[in-house]
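Chains: A, B, C and D, in written order; residue numbering restarts at 1 for each.
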Amino acid sequence: MDFAFSEEQEQLRGFTREFLADRYDDVRLARLADSETGVDAEVWPKLAEMGWLDAELTFLDQAVLLEETGYRPLAAPYFSTTVLAAPALDDEAAKQVADGRLTATLAWAEPGMRQGLLHPAGTSVSDGRLTGQKVLVPDGAAVDLFVVTAADGLYAVNASDAVVTPHGGLDGTRRLASVRFEGAPARPLATGEAAAALLGRIRDRAYAAVALEAVGVAQRALDLLVAYAKERKQFGKPIGVYQAVSHKASDVYVRLQEARSLAYWAAWCVAEDDPMARQACLAAKAHAGEAAVFACESAIQGHGGIGFTWEHVLHRYYKRAQWLAAFDGPARDQRAEVAAFLLD
Amino acid sequence: MDFRDTPEEAAFRAELRSWLQENAPERAVEAGRGDFDALRAWGGRLYDAGYVGITWPEEYGGRGLSPTYQAIYLEEASRADAPNHPGVIGLNMAGPTIIAWGTGEQKQRYLKPLLSGEEIWCQGFSEPGSGSDLAAGRTSAVLDGDHWVVNGQKVWSSYAHKADWCILVVRTDPDVPKHAGLSYLIVDMHAPGVTVRPLHQITGDPEFNEIFFDDVRVPRESILGQPGDGWKVAMTTLLHERGTLGFALSAELERMVNHLVDLVREEGPDGRRPADDPLIRDAVAREWIEMQSLRFTNYRALTTLLETGIPGPEGSGVKLAWSEANQRLTSLAQSVFGLHAQVTGEDAPWNGFWQYWQLRSRGNTIEAGTSEILRNIIAERVLGLPKGR
Amino acid sequence: MDFAFSEEQEQLRGFTREFLADRYDDVRLARLADSETGVDAEVWPKLAEMGWLDAELTFLDQAVLLEETGYRPLAAPYFSTTVLAAPALDDEAAKQVADGRLTATLAWAEPGMRQGLLHPAGTSVSDGRLTGQKVLVPDGAAVDLFVVTAADGLYAVNASDAVVTPHGGLDGTRRLASVRFEGAPARPLATGEAAAALLGRIRDRAYAAVALEAVGVAQRALDLLVAYAKERKQFGKPIGVYQAVSHKASDVYVRLQEARSLAYWAAWCVAEDDPMARQACLAAKAHAGEAAVFACESAIQGHGGIGFTWEHVLHRYYKRAQWLAAFDGPARDQRAEVAAFLLD
Amino acid sequence: MDFRDTPEEAAFRAELRSWLQENAPERAVEAGRGDFDALRAWGGRLYDAGYVGITWPEEYGGRGLSPTYQAIYLEEASRADAPNHPGVIGLNMAGPTIIAWGTGEQKQRYLKPLLSGEEIWCQGFSEPGSGSDLAAGRTSAVLDGDHWVVNGQKVWSSYAHKADWCILVVRTDPDVPKHAGLSYLIVDMHAPGVTVRPLHQITGDPEFNEIFFDDVRVPRESILGQPGDGWKVAMTTLLHERGTLGFALSAELERMVNHLVDLVREEGPDGRRPADDPLIRDAVAREWIEMQSLRFTNYRALTTLLETGIPGPEGSGVKLAWSEANQRLTSLAQSVFGLHAQVTGEDAPWNGFWQYWQLRSRGNTIEAGTSEILRNIIAERVLGLPKGR
């Protein structure tokens, strides 16, 4: 029984936090989020250099990176490429990802159909050509390759063969796009039951990743709240002396620690392919998504008017928290699945 | 006890309802983004039809009716989804304060154009260093001949970028205890030295502003009450802000609940109807019940007001409860869209309505008295608990 | 538009509060609740004397009495007789009630069947004799007459013709009983659609009454909390200065005012047979039941250990609040009905 | 990071599990109502099998294992629904304090009978006038020859009516600042002048007690630390109470979640299965998730403890979160019974199990540090916010 990251992992965390804090201070983050594309075009080669894209990284190593990219959002399709797409890629594409030459994402949701990752897709392939309409594709306008769910399996399609419509997004550094495929050349990655199983593993992994990012978001919100509560004075005292503020901060802290425990459990289950992986990932995603929203809302309230302004960084975190909480359906959807394990 | 309209009230309501049906423009989806000139024109039409200043004395352009009629107006306007009069600060804060403290001349000068929407008002109460702590304000006014010379900075002032006048709390005597050194001026927003800087909200819209005063000269007589009365006058303003707020809020909530009902009954982008989900049904029913509870709490406070001239203490919690209900309700609405809720611009679901109002709702527990301050007030003034500060 | 009780009603409230405070101070209430039957056998004639049983009382008059019997629980089958049973009684029985010579209750729930007031009953009558098993009958061991729901209508059965099994109850002054009828002589009160409509009106009335009592309970809990917060000192200050206590009291106050508004609305709707009566009563019962539980729980917490003792009166109110919240199903059941009005 | 048992841990768990299967008596439904002698015998059997004092030094009857084994014990005992050892105050409060502060003689004298359940301990910390404010206590001890003479009153002492010994915080010096004047005695509960009065809880059961001390003579050497060390010694006690509490609480919650799952899957008295209601499903899943979150939070704190010797700050919220989860969970369970939840005695549903635990749960946010105090502690000690008092 050992619930700690290794020394190497803690070192990785240190480097990562420093790198991100340096590159994405609050002003830079705001500038990127409000930019045309929301993407830091130059960072990708650096990620490859630092080894973030190495195929040998275990999911526990990656857990460290994901928590830190929640603490300081990274304006690049890292989540989409390594969490959503990478597990489905063939060796050739995987190698390109590891070398920093390929970014990718997963396109699953379709209009007019249930939009969960595990719901059936209507997109079809015939003679190696894929036709269909996908919506809500994360980082859809920022990647080179789409992993596309179709009725009979998973396919790879080059972005250059698709019609991509980028959308504006509340979360400026993780936008969504609609993608239309009109007989696009498609490479099969997995079919039938293998595809279904693969998609299940991708979803578990994505839930764990979302939970880890949410923990990072919540931690940043709490840090901002605590710092402000120590410094801001009202009625002659720092507002942190008032229980309306300090008890709210305590509640955020408790929820955050719970979320972190679940996120680490989920990450370990994914890394080890543990039989409890499904439940752990559902639990972590449901809890951490809500915890991050709660942390941001509490921090905004604690800051008063200033926390409600566009200038303050808090709303960037709040919108990321909302993105994460909404991913693949709100927490009640994940709880419904947990309940099925417990009760049916 | 009788909730039915009297024959007079029923007539007023019927007339108003049909007038609104014919005259109310479509309400802009997102508050700060509407066309202000169109709003101002709407304010003028409302005034001409007699629906502004319903409870104000007739001599100042009001209609001299009881607050019940104002409540009816708010209910019907909300049900018709009509936009608000653009002069909310003037109507809810400046106007009642001028009626209570103003000289005859001031009343003659300011009230009518305020009602008609010809002149827009803003308020300068909060300062960057003193959010909820009004008495800690440092914006100063020094008498120089026939003028006050004002220097300092105010913040969280809605409509300041459109305003003609500002009700401004200033420090006129730095040598007395902090509450005693305040005065309450009426400042021309077009005067030299007044600079307005819009503050963008988390919605992206510039709804509030900072106001900078740099040697602004204000005529000596543009004061409400005497020098040193500023704290007392400001309390009148805040009392009125909160006193008339209740019905506006429960009417707003009724409008939002109606929209929520429409939303969940629609088929969503994934082909499902949210109204088929028992968890959503439970949550919608909860907010409808909450809305009714606030509506009837307002009626109780109104009855006390009619009987005693002072609003009942029941009303003091309405803003508190409304703000949290509005936050829950708008978050629930956003949750039914899944990730689609994140898409902005022309592809946003419901044309961005819920997106805007969900984000906007986070300000509800901060503006016009934070929830923390309101809970203090209820504990101390209504329940008589000892002061914590 | 007038949302105030009349002067006469306010006078009635004053008398009632005085009478109840006098007769049921906390010590007496505890003694009665812990007694063999939980009933104050001598109070009934006094209620008749004071006019509480008069047929001319409007439901708004009665609303005053019901709120006050929440504030100071009355150890007698007043709720059962006047709210649950009276609307169904024939003239003769109604007269006996008004004279203080008859107490009654309603018996509806049956084992193994849905137990809501409006769910079908399986009890049957043949040749004027009623046979069936009823459970959870309020004040079932304390009344002279049962109004019994049967498959085809409502019947009156004398308690002396039934086999009554009294139960112990958390709420000592409002206990439940099981009642078996083995061919008991039964007098028809209403049949067919008239019976269904009558039962609907009884349920609305009962919900309004439950809400009114709950408001009284919540008010007493708040009063106890506020008094204690002013007097009890910790760390050298009255605990009411701490926001953890004072803000909780504020929240109770707000919820209580909301509940009161809904309860009065419901009472007025019942008194006036308003078209919104059904929704108003559902809303009032759901909200006020939960508000009373919340008020009591907050008051217990605010009192610390002492509020958790049997000696302190608070738990009597807490158990009454739980009784009221559970009546005819928890708040989620009422909200489901409200939702049907709004959404279907 | 590895959540799997080591081979040694797995062997310990397997052995324990089969031992519990064979030996654990049925757990009494309602805590305060069990047969105490049977519980004491159970404590003895546990001790003989080596499952008490798992982490304590071997020389005092413990097993000298790491806290991981204690965590495994708590998990398995809860899954087997086994009763708790009756000596909880001794095991969690008195014992660790004696190990930390006791003389060699004291350790020899007290620890073994404490582990075996032969001697039961209680604590005397709170007083009627000073609930959460330990340093305001007024029970006094005055030296008279070779004895302390104790006078005063303590309250909220569980097991006092069964106890042989009491760890008692007394004021030995009224002339110094309040924290400095305290000492920490070991008092024989059978000594003349000790009177125990049971306090009945809202459940009806006498679980806590008042203790009255009337000229009770305590041998001079029955003290932990020096006179004046009382505050420091008491902090050790409370640290241990909270330090070892986490796993016990998440194990308790796991047991309750399991019971809740059983409950909602059963057909209710009205023929419906609560598990078919989506609202109930959602709530059950929520509590299962909460339970797992506390379980793994404990593991994280345990890992820190193993690495550094000090429990991690993550654990400080576990009691806070557990108490509220247990309140929600038991209220949910009661809600599925409708009015039937009110029936007590032999006709009570589930033999009164949920009724008892729902009412009992209201004490969870009060006992062993009120939630208000715990939130203060997290704010001040973990987050470093300024002290509010």
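Just so we're on the same page, a residue touches a chain if its C-beta (ideal position, glycine included) is under 8 Å from a C-beta of that chain, and two chains touch if they have at least 3 such contacts.
Here the structure is a predicted model, which means the values were calculated and not measured.
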Chain whose mean Cα position lies farthest from chain A:
C
Any chance you could check whether A-D or C-D wins on number of contacting C-beta pairs?
A-D
Quick one: report the Å distance separating chain B from chain C, using the average Cα coordinate of each chain.
40
Return the distance between the CA-based centres of chain B and chain D, expressed in whole Å.
52
Quick one: which residues in chain C touch 2 or more of the other chains?
237, 242-245, 247, 332
Residues of chain B that contact two or more other chains, please.
278-279, 282, 372, 375, 388
Quick check on the complex: what are the chain C residues that touch chain B?
1-6, 60, 222, 226, 229-230, 237-238, 240-243, 245-247, 249-251, 253-254, 257-262, 264-265, 268, 274, 280, 283, 286-287, 332, 335-336, 338-339, 342-344
As the complex stands, chain D meets chain B at residues 277-279, 282
Spell out the residues on chain B that touch chain C in their complex, using ranges where they run on.
1-6, 9, 68, 71, 261, 264-265, 275, 278, 281-282, 284-286, 288-290, 292-297, 299-300, 302-304, 307, 314, 317, 320-321, 372, 374-376, 378-380, 382-388
Okay, in this complex, where on chain B does chain A touch?
126, 130-133, 136, 155-156, 199-202, 204, 208, 269-272, 279, 327, 334-335, 337-345, 347-348, 355, 359, 362-363, 365-367, 370-372, 375, 388-389
Along chain C, where are the residues that touch chain A in the complex?
242-244, 247
